[in-house]
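As structure tokens, here come the structures.
Look at the two complexes coming up: chain A is in both, with chain B in one and chain C in the other.
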Partner chain A sequence: MSEKAEPKKRNVVVFACNECGQGAMNTAGVARMGYDAAIKIVPLQCSGQASPLMIMDALKNGADAVGVIGCCIGACHFVNGNMLSMHRIKLLKKLFKEMGYSDQQINHYTARAAEGETAVGDFEDIIARLKQAENKAGTLPKEW
Partner chain B sequence: MTETIKEEPSTRDESEKKASGREKPRIGVFICHCGHNIADKVNVDKVTEFAKTLPNVEHAENYMFMCSKPGTEIIKKAIHEKGINRTVVASCSRTQHGPTFARTIEEEGLNRHLHEQVNIREWCSWVTKDKNDATEKAKQMVEAGVNRSRKLEPIETRKISTTPAALVVGGGIAGLRAASDLAAIGVKTYLVEKEPTIGGHMTQLNKTFPTQECPQCSISPLTNGVANNKNIILFTNAQVKTVEGSIGNFKIEVELTPRYVKDNCTSCGDCSKSCPVEVPSEWDSGMSMRKAIYKPFAQAIPATYVRDKKACIECMTCVNICPAKAVDFSQKRETRTFEVGTIIVAAGYDEYDPSEISAYHYHQAGYEDVITQLQLERMLVAGSITNSQLLRPSDGKIPKRVTMIQCVGSRNDQVGNKYCTGVCCMFAIKNATILKDSYPSMDVAICYIDIRTPGLNSEEFYKKAQEKGVKFIRGRPGEIQRDPITGNLQVIVEDTLSMTPLKLKSDLVVLSAAMVPPKTIGNLGSALHVLRDKTGFLKEFHIKMNPVKSSKDGIFLAGAIQGPKDIPQSVAQAGAAASLAAAPLVRGFIEKEMLVPRIDYDLCVHCGLCISACSPVAIYQDAADGKIKVNDIACKACGLCQAACPTGAIQLKNFQEDQLHDEIVALAETPKEGGHVHE
Partner chain C sequence: MAQKVTVFNFGTCAKCFDATLLLPADNGYELKRALEPSKWVPSPIDVAVITGYLLPKDKVLVEKIAKNAKLVIAFGSCAATGGPFGLACARGTKVTPARDMVEAIDVHGCVGEWFELHQVIKGNQPDRAKLCDACKRRSTCKFLSEVVRQIDPSQDDESCFNDRGFMCNGYVARQCKEKCIDVATPCRACKPLVDHPGIRMLSMFGTLMANVEVGTEATGGIAGTDKLADAPDDVTRSVPDVSGAFFRFSLPVEMPIGKLPSTGSILSDVFTGRPLEELPLLAGMLGGRRAISMVLDIIEAYENGTGIEINDIVKGYRNKLREIEAQMQSVTKAGDAAWYGSAADAIRKIAGNMNLSNIFFGGFKTPIKDEQAPFDEYKSKIIEFKKGTYQAGRVKYAIDAEGKVNEFSWRP
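Take a look at the complex of A and B:
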């Protein structure tokens, strides 16, 4: 009896900034670096534009995980948007933990536009962390 | 679900169609095959059928190359015949052909911001293995694009006048060329050089390949011309500290290190003759000594002497001896601020320091006869300390056997850099040829990995060197060994063509060191806010289509700061940078799209969080009426204010939270015919 289960169809919403975030994803595409089809990119102007409201909105509407990808720390094209975003996600993680859920569903990353592998590495990490959260049954319930 | 597409011809009035954005959205979806790039992975027909089921989609179509002339004609036709008032094109990235389609709809009278680009190539077909997955993902992305498109609004474009001046950073061949080209167009140009003299690395060279011309003679019209040009304001011993603003209006702060010698210096050289301090000359790559008060070289421009404060022992001899009373130790660091419209960065390169490679023992005691190509050039140049003779640094004898080692710091995974510097093959061949011409009995060998001589006249130059008897040995030397008793050097290398290990007895070893980014690039790069490549060079906007522009608008790159280059390439790029930098200044204005936030004063509670979040300081509280307002010109449309606002009062146009909500919904769930969002 084969136990070949249908691979789980996930939807991971990734907010990407207009500079290094989307740039790295374009570079990854040009270099044909494959990654999980679950990754769905929402182009923003800056990673600091991804408000907690939008992150929770994505999770509420069925996303399995959310990633926010900005420029490297110190290289934000809008000075400090990536720092704001990073701190915001740290706070959100705390909130998730206090509520009793895994804090691995939401993550902040940085990427470099010239290096597609940075974005692909971020995507792989999002999926790995999501799987970890799922195995521990700690993900946010789909129905609120 | 049946198709909701309406086949009836549009009865709309032409002027009404030139959308104000307030009318009911009629969306046209156009899916590109991109040849095989998209269509091989994504079932474009299925995606097109799916798009037709989405609300407000009046037309959906796919075509082989949407960006081609027939492709854009399809879009125009749909706008005419079906009254489409906003478009979604699912093809490549926003940066590549987003502007193409925006222009297309603009030609039909629609605002360019009513176009939404969906990137199903880089973000879907090129990165997804499974065809079904790719098709499903493309459906979601198209729905997300349609959802976003529904609430797009037109954005007006405003003209902003530009400051008619330019800044050139770096006074090497590229910077000089760019500055003199800008000045010739009539643009006031500030040239900032960190060294006390202009001319850069080119003035250090002995000959230039492949014609063996004298670089001093080639560059001196340029250095003199720049120094005497009324349109050029020259700052030497100066560094760019801060750069504020954006294209059209940059505010620059330059820090000037004092020369300690006033402009009335007659360049007589009495100070230098009497100075008791000697340090290795940077300009001579350490091959000769200079005084603490000095002029880097006889033809240096500006001709004013300069005092090296670190080396100076303050004996005051020069102050007392100067007949013009020009030496002034009381000079202080100064900062100058000025405004420019555009910037050209031509900061050049540094020679790689081979002491990092321990096996070559560069700069180690007993290995004085291991030098770099630049040091060799400094020895051979006219008027050098050796009187243009090649003498070994250890004992001053003419070497009988010279071995050159290529790719020192280039093409190496372990140490140095991975990239090929590209010019080392040519300058090693050039120097080997010069040595063969001057000393016919000298044994000159070049140890190379590959000889790279692209372009006109280069291969011929290489062949000529072979005919003259320069030996070419294919192999990267593993070590330079020194006999502890005789002190003789030998280069250990495997000739990989004949598979024989060799020990090359060498009297002089010359390392062809790579070109690396200048040490000062860190500070400069962060002041300019431009992207850098992982090698450290400044990154161009697009490697093929826009190699002259930097990642930031209004900042252009020229010469080796963008990557290793030879002189003609640097000059060519400098010319291109000058014309690009001059364009907005000659025109007198740039156009800025008013993609700025809008404030709903019914929701605003005057908390000021948006003011503290705004990095370009574009939001302020108006003293007159106490309202929070946005400075549209300074705004960079980052949307940080939107995320900071607790009430959702401030919303960036076309990135509004409700709009992004619609987009997120489509991406977060599996695609559903008819879409997730209904008005």
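Take a look at the complex of A and C:
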């Protein structure tokens, strides 16, 4: 059997809101669901607090990808924080494309507090998209 | 003892270099001007003023200048943060801010303001008043349901541009002398009020766009939820050029060097990808001593190509501007400060400011002082975007159906 290549150590920052985002992650934890060790969760009160400045700061300081997880559409506990965040991340994604990089490095998801699978599904999607970004247009360089 | 001040001109636009002509003669300086820094003979100086954009190849020279100077000032947006030329970073050109090469004090502004330079040389801090405080329009910060790319400024001069869905970066800008906002042109924050002005303005405008439809899709996988969709939606269509709109003066500072293929020249790298309605202002910013003809060529190319008619009043003013530019070629080289000052005043009277913000397709955005004819006769027009190639004078460019430039060339 051929030796397996050392799996790439990744660093993924996930900004999760205090309500559905972290709620779903807690539910996943209680149910002993596994997810990639690269995921580092940063709790926020609302996903609307995840500003592009924080996202760029994370990417500049070692994150390979950034995910933001908020409440479901229409269910934000702070009126529309999840939608505000989506608008900003959409513009940020466009900026990445305009610079010739992949826009799959940053994403916005939603989760349901009662279903741990939703958070784990989001984590899997973040990793899958990061791999896609690395293989296609490329991610932002680590230092600039 | 008089302070020895030498102004160095880098890059291809000499507007900030020329603006230093206005430094008052009785200021107690011994002012020298190096139009071609490579020919400068090193000698100890008190203050070195760097103007224009810098490339990695300039590093040796800039370090040599800094070694001979007690203080280095990066004057103007290009020297301080890359300026509009920094947009070429998206296509691999490493436009470098002066402070990445040597220790320098930044004096922002496009065009750089001589009075601010004067203050900094004297050891004072420039004024940090907010642009919005000086704006006659008032902002409510209400969520937008629609974003527009052009407006008729004469319809409403009390509402903030952003409230009308017309993006203005004034929120993150300091007050300046050029004040594009006074000539019905949204600010692009050449003098930033905060760190990371581009990314902060992107956040601000993204938030304001809350009621614009954003696309979502199902995640699939083991438990489906919704996530942000990849397909273009109203948000991406509303802001056709994110880097040019929010990062006009700060791209090299806030983002890594881009990976898009270069088009061959820095000027076409800057212009490619920009929306047509932004071209006149952009050309006015970086055209240097040829800014007037560059702006007018861009405008006339589209007017001729799409059949926009202009009247004799507009033609008269355009000819007058071209005359001033022709005279400027010789006089600024000789360094005649008095002539430059009066020519700059004449340009400001017609074109609003040294970035020529008042000039647009079909005419002018705001009334010209002392013009007797009614404003409606020489008012600018809201243009429609027609895919095609347009050429006039030294300029040739092609735009797509969305109105974005995909080819640009300028013959010097």
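Here is the rule we use: the second predicted complex is superposed on the first by the 140 of 144 C-alpha atoms of A that agree within 3 Å, B and C clash if a C-alpha of one lies under 4 Å from a C-alpha of the other, contacts with A are read in each partner's own complex, and residues count from 1 in each chain.
Operating definition for what follows: a residue touches a chain if its C-beta (ideal position, glycine included) is under 8 Å from a C-beta of that chain, and two chains touch if they have at least 3 such contacts.
No experiment lies behind these values; they were computed from the predicted model shown.
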| item | value |
| --- | --- |
| Clash-or-fit label for the pair chain B, chain C on chain A | fit |
| First, second, both or neither for A:49, with chain B first and chain C second | first |
| Where the C-alpha centre of chain A sits as vertex, the angle toward chain B and chain C in the overlay (nearest 10 degrees) | 120 |
| Which superposed partner A:32 touches (first chain B, second chain C, both, neither) | first |
| First, second, both or neither for A:84, with chain B first and chain C second | both |
| A:110 touches, of chain B and chain C: first, second, both or neither? | second |
| Which of chain B and chain C A:133 touches, first, second, both or neither | neither |
| First, second, both or neither for A:65, with chain B first and chain C second | neither |
| Chain B versus chain C as contact partner of A:22, first or second or both or neither | first |
| Minimum C-alpha spacing, chains overlaid - chain B and chain C, in Å | 5 |
| Common ground on chain A, meaning residues reached by chain C in one complex and by chain B in the other | 51, 53, 80, 84, 88, 112, 115 |
| Chain B contact footprint on chain A (complex, rising order) | 9, 11, 13, 19-20, 22, 25-26, 28-30, 32-35, 37, 40-46, 48-51, 53-54, 57-59, 61-63, 74-81, 84, 88, 112-115 |
| Residue numbers on chain B that touch chain A, as the complex places them | 93-95, 119, 121-123, 126-130, 133-134, 136-137, 140-141, 144, 526, 529, 531, 533-534, 539, 551-552, 613, 615-616, 636-640, 642-644, 648, 652, 655, 657, 660-661, 663-665, 667-670 |
| Of chain C, residues touching chain A in the complex | 89-91, 196, 199-200, 202-203, 205-207, 209-210, 212, 214-216, 219, 221-228, 230, 233, 235-236, 239, 241-243, 246-247, 254-260, 273 |
| Touching residues (chain side chain A, partner chain C) in the complex | 51-53, 56, 72-73, 80, 83-84, 86-95, 98-101, 103-104, 107-112, 115, 117-118, 120-122, 124-125, 137-138, 140-141, 144 |
